[in-house]
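Here come two complexes built around chain A, the first alongside chain B, the second alongside chain C.
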Partner chain A sequence: MLDVGPLDAFYGDSHIVQNVSITIGDGEGVAILGRNGVGKSTLFKSIMNGGPRVDGPIRLRGEDITGLPSFARARRGLGFVPEDRRIYPHLTVAENIAMGGHAARADRPPYTLEDIFGFFPLLRDLQTRRGFELSGGQQQLLAIARAIYGRPDCLLLDEPTEGLAPVIVEDLARQINAFRAANGTACLIAEQNVRFARTCTERLYLIDSGVIVFSGTWAEFDAQADLQQRYLAV
Partner chain B sequence: MTSSTNGSTINGSTWRRDALIAAVALAVLVSLPFVANKGIVFVAGTLALHVVFGLSWNLMFGQTGLVSFGHASFFAIGGYAFAWTAKMFPQLHPLLLFAGAGVLGALVALVVGMIALRRSVGVYFAILSLALSQIVYLLLSYTPSLGQEDGLTGIRRPLLSLGLTTIDLARGDNYYYFMIAMCTLLAIGLWWVVHGSMGRVFKSIQQDPERAAFLGINVQGYRLRSFAIASGTTAIAGALYGPWLQLLTPEIAHWTFSARPILYTLLGGVQSFWGPVVGALCFAVLEYGTRTLHGLSEIVVGCILLLIVLAFPGGLLGGLSRLGKRMAGKPAVAAKPELAR
Partner chain C sequence: MLAEFLSPLFNGLFSAMVVFLFATGLTLIFGILRILNFAHGGFFMLGAYLAFTLVRLIGGDMSIASYLLVSIAAGIAVGFCGLVVERLIFRRLQHVDEAYSLIATYALLLISEGAVKAIWGVSFHSATTPSALGSAVVVGDLVMPVFAIFIIALGVLCYAVLEWILQHTAVGKLMKSLASDPWMAGMLGINVPRFYAWIVVIGFFLAGLAGGLLLPNQTLSPNLASVFVVQAFGVLIVGGMGNIRGAFLASILLCVIDSYGSIVFSQVPGIFFYVAMAVMLLARPQGLIAGARL
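What follows is the complex of A and B.
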């Protein structure tokens, strides 16, 4: 579905992402774990062509999308939820969701608002609220709903649980899983919250200082006890 | 920004309020020739053109986030294109020529925009647009068939045949009324763009181009559209200017003329659709009021503008709406603190 790399990404002279290769199969859930500042967000922005200078191929469903602008990648089925969510503060929840329709294609019409409220029932009660009246968790939910609206083939979630209360994180994991199970949407999640990542994905990559240091299933990850200590403990 | 953004939601109240304001303004403009002298009518007609000039610039700036320092070049392109073709091909219908001037302005903007907007926005685009306007200015000043620095003279107010009847725009106040009608149509067009779905996309790009792109919006394409629409409307305003003044000089492509819509917008308020209108009106009143203070006029106008800008950082309308809120005792809408974050 999505084949990235080997990829290098730079901000100015800083070599942030170094020789990183990632593959995501159809409908597969993959996590990228790593501490703050190891290049997770840069990798996501590289996949979307949203800032860093990128060197290396990116293929989506076999099509080479290297060099395509961000909007064209969104329209080819990459639903990106940036770390800072970027909700429209002056638009209502329903209007915010509808903005996701810009990524829809003729042969792939967007969901209806009803569908979205089916996946995230909480948003139904909030639909007339404006963006700036939402809590962090509600904003995160809304940002994901907006990305889903255009029926992406692959969701890219950049630290979705950052700043959220534990109760909300559990709900979020359940809802994302329910949505993906129903629609076969692949998903790439950058996280520091191992528990959340484990609930939502089947495989993971560990990244440290811009380099991939481990790749495998969760069982393989658990088998090497020192990994978590070495690369994730704060 | 986070709180109230001028209520740009397309709901009944915005529509009705704006229609009412427009109706009052139109009533004043239409009745002016009956009550005021020729000098004031001339100022009012010119003001109508400047209003379109300012509104179209603010479509780029306030709505799309593009700063142009060379908007006057499109005013000049439209003006000269109309005047020259009207002179060379007097048999062509004037409405066709006005439309043609608009299309030419939009096409030039498309070509320039495809190059200038590719990589550069912000200051870079501002400088490129300034360079464009200086190129147009110099071309006009050196082209013999366009009158060089003396300008194009003897531009006639045409006969307007409308199928059933023919109106001689050279007679009485006919051209004044024709201009008011055209400017009203252009302003309605701009209002419609701002408040329609395209305007919403422009606004989204102005707020955060990156977010817009992540959501699948073709940012460059829409910037180009905004630039072309603004330039096309300005070119039509410029085309109307020639027969009004019956003279065109390269001065209308000069950067000092490009500064006008910027001034109008900042003076009146960026956030409101009516900002450039209020700004242009203020400026016209100031200019008219100080016209006899020869040599002193610029200083007086400059000082007053400085005062207004310092006293009302959000423009006159911005200051007015803040004042209104304070009078009503309503606190500015602030984000409610929420628990989870």
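What follows is the complex of A and C.
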């Protein structure tokens, strides 16, 4: 589905992401774990061509998308939720969702608003609210709804649980899983919340200072007790 | 008595709508692309000269309809110039320091002035007002030229149309979204560069259209490029840096104050526009309508 790298990414002279390779299979859920500042967001932005200078190949469904602008990558099937969510404050919930329709392809029309409210029932009651009136959890839900509206093949979620209360995180995991189970959408999730990441994905990469230091299934991760201590705990 | 009080108001509104018509394209481009187009006046002038040539070609007295059509034709021609300018220049200004925008658009202003001199020469020309707009309406002792009434109506209409598009249409909402967060728009699959190209074309169209519409009011010379620029920048800043409604309100506020000021202190006409602007910026440095772009 998505084959990234080996990839290097830079901000000016800082070499942030170093020789990183990740792959995501059709419909697969994969987590990228790592502390603050290790380069998770930079990697996501590199996949979307959204800022950093990038060196290295990116293939989506076998097609080389290296060098394509962000909008073209979205239209090829990447649905991106940035860590700061970036809901349009002046637009209503329904209008924000509809913005995601620009990424739909001719051969695959977007979901309907009804479909979206089926996946995320909470949004139905909020549909006429404006972006600036939403809580953090509602914004996150909306950002995900907007990203899936155009029927992406692969969803990229950058720290979706950041700043959310534990009960809301649990809800979010349930809804994401239900959506993916029903639609077979692949998903790459950057996280520091191990519990949430474990609920939503089948395997993971650990990243530290821009380098991948572990890759494997959750069982393999659990077998190496020191990993969490060394690369995640604060 | 009535005229003494109302005549400055009428004159102020007339200047306000002249400035606003001039400033719409400038405001639109600044609101969305964040490029301060110093060449705007040059393309306004080009529109006026093109309209002047068309009027000559048609010959005779113009009806209001042909005056409007000539202005639209001038707008379309200047819009095409905008397409070229976007391809060659504005596209390259997106990711560089603002100083480059300043230099590039200033150079473009010089080029547009040079082009006008090369094509139409440096001598002065003037167009006549269509005779249908040549009379005046007299209420008591207040005399209102029909052309001025017409321009005020056009200014208000232009504002109403832009405001309606921005607030109530899908395209307008998209424009506001792109103005507030173009990066995210790209992430959602919107072809931002192509959208920017359209905005530049529309901004230039509005410049050329204003050139045609205001032609009867102007003496054509290569200086025309700089006649309204400073006032338009003032309106842009006081209005809130790229907000159409703000620009509209700022045009009215500054021009009406200036109009009354020039009556009271007739030794220094025109200075109150800048006094009002300075006071406004001290009182509300963020502009009349801050925060919301467009």
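In the analysis below, the second predicted complex is superposed on the first by the 234 of 234 C-alpha atoms of A that agree within 3 Å, B and C clash if a C-alpha of one lies under 4 Å from a C-alpha of the other, contacts with A are read in each partner's own complex, and residues count from 1 in each chain.
Following the convention adopted for this analysis, contacts are C-beta pairs under 8 Å (C-beta built on N, C-alpha and C of every residue); 3 or more make two chains touch, one makes a residue touch a chain.
Every value quoted in this text rests on a predicted model; they were computed, and no experiment measured them.
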Simultaneous placement of chain C and chain B on chain A, clash or fit: clash
Partner chain(s) touched by A:D222 [first = chain B, second = chain C, both, neither]: neither
Partner with the higher number of touched chain A residues, chain C or chain B: B
Touched partner set for A:H90, first chain B, second chain C, both or neither: both
Which of chain B and chain C A:P82 touches, first, second, both or neither: both
Which superposed partner A:G150 touches (first chain B, second chain C, both, neither): both
Touching partner for A:P69 - first (chain B), second (chain C), both, neither: both
Contacts of A:S135 with chain B and chain C, given as first, second, both or neither: first
Touching both chain C and chain B, counted on chain A across the two superposed complexes: 48, 50-51, 69-71, 74-75, 80, 82, 86, 88-90, 99-100, 102-104, 146, 150
Touch list for chain B against partner chain A, complex: 1-5, 201, 204, 207-208, 210-220, 335-336, 338-341
Of all residues in chain C, those that touch chain A in their complex: 173, 176-177, 180-181, 183-193, 292
Touch list for chain A against partner chain C, complex: 48, 50-51, 69-71, 74-75, 80, 82, 86, 88-91, 95, 99-100, 102-104, 146-147, 150
Chain A to chain B touching residues, read off their complex: 48, 50-51, 69-72, 74-75, 80, 82, 86, 88-90, 99-100, 102-104, 132-138, 146, 150, 163-165, 168
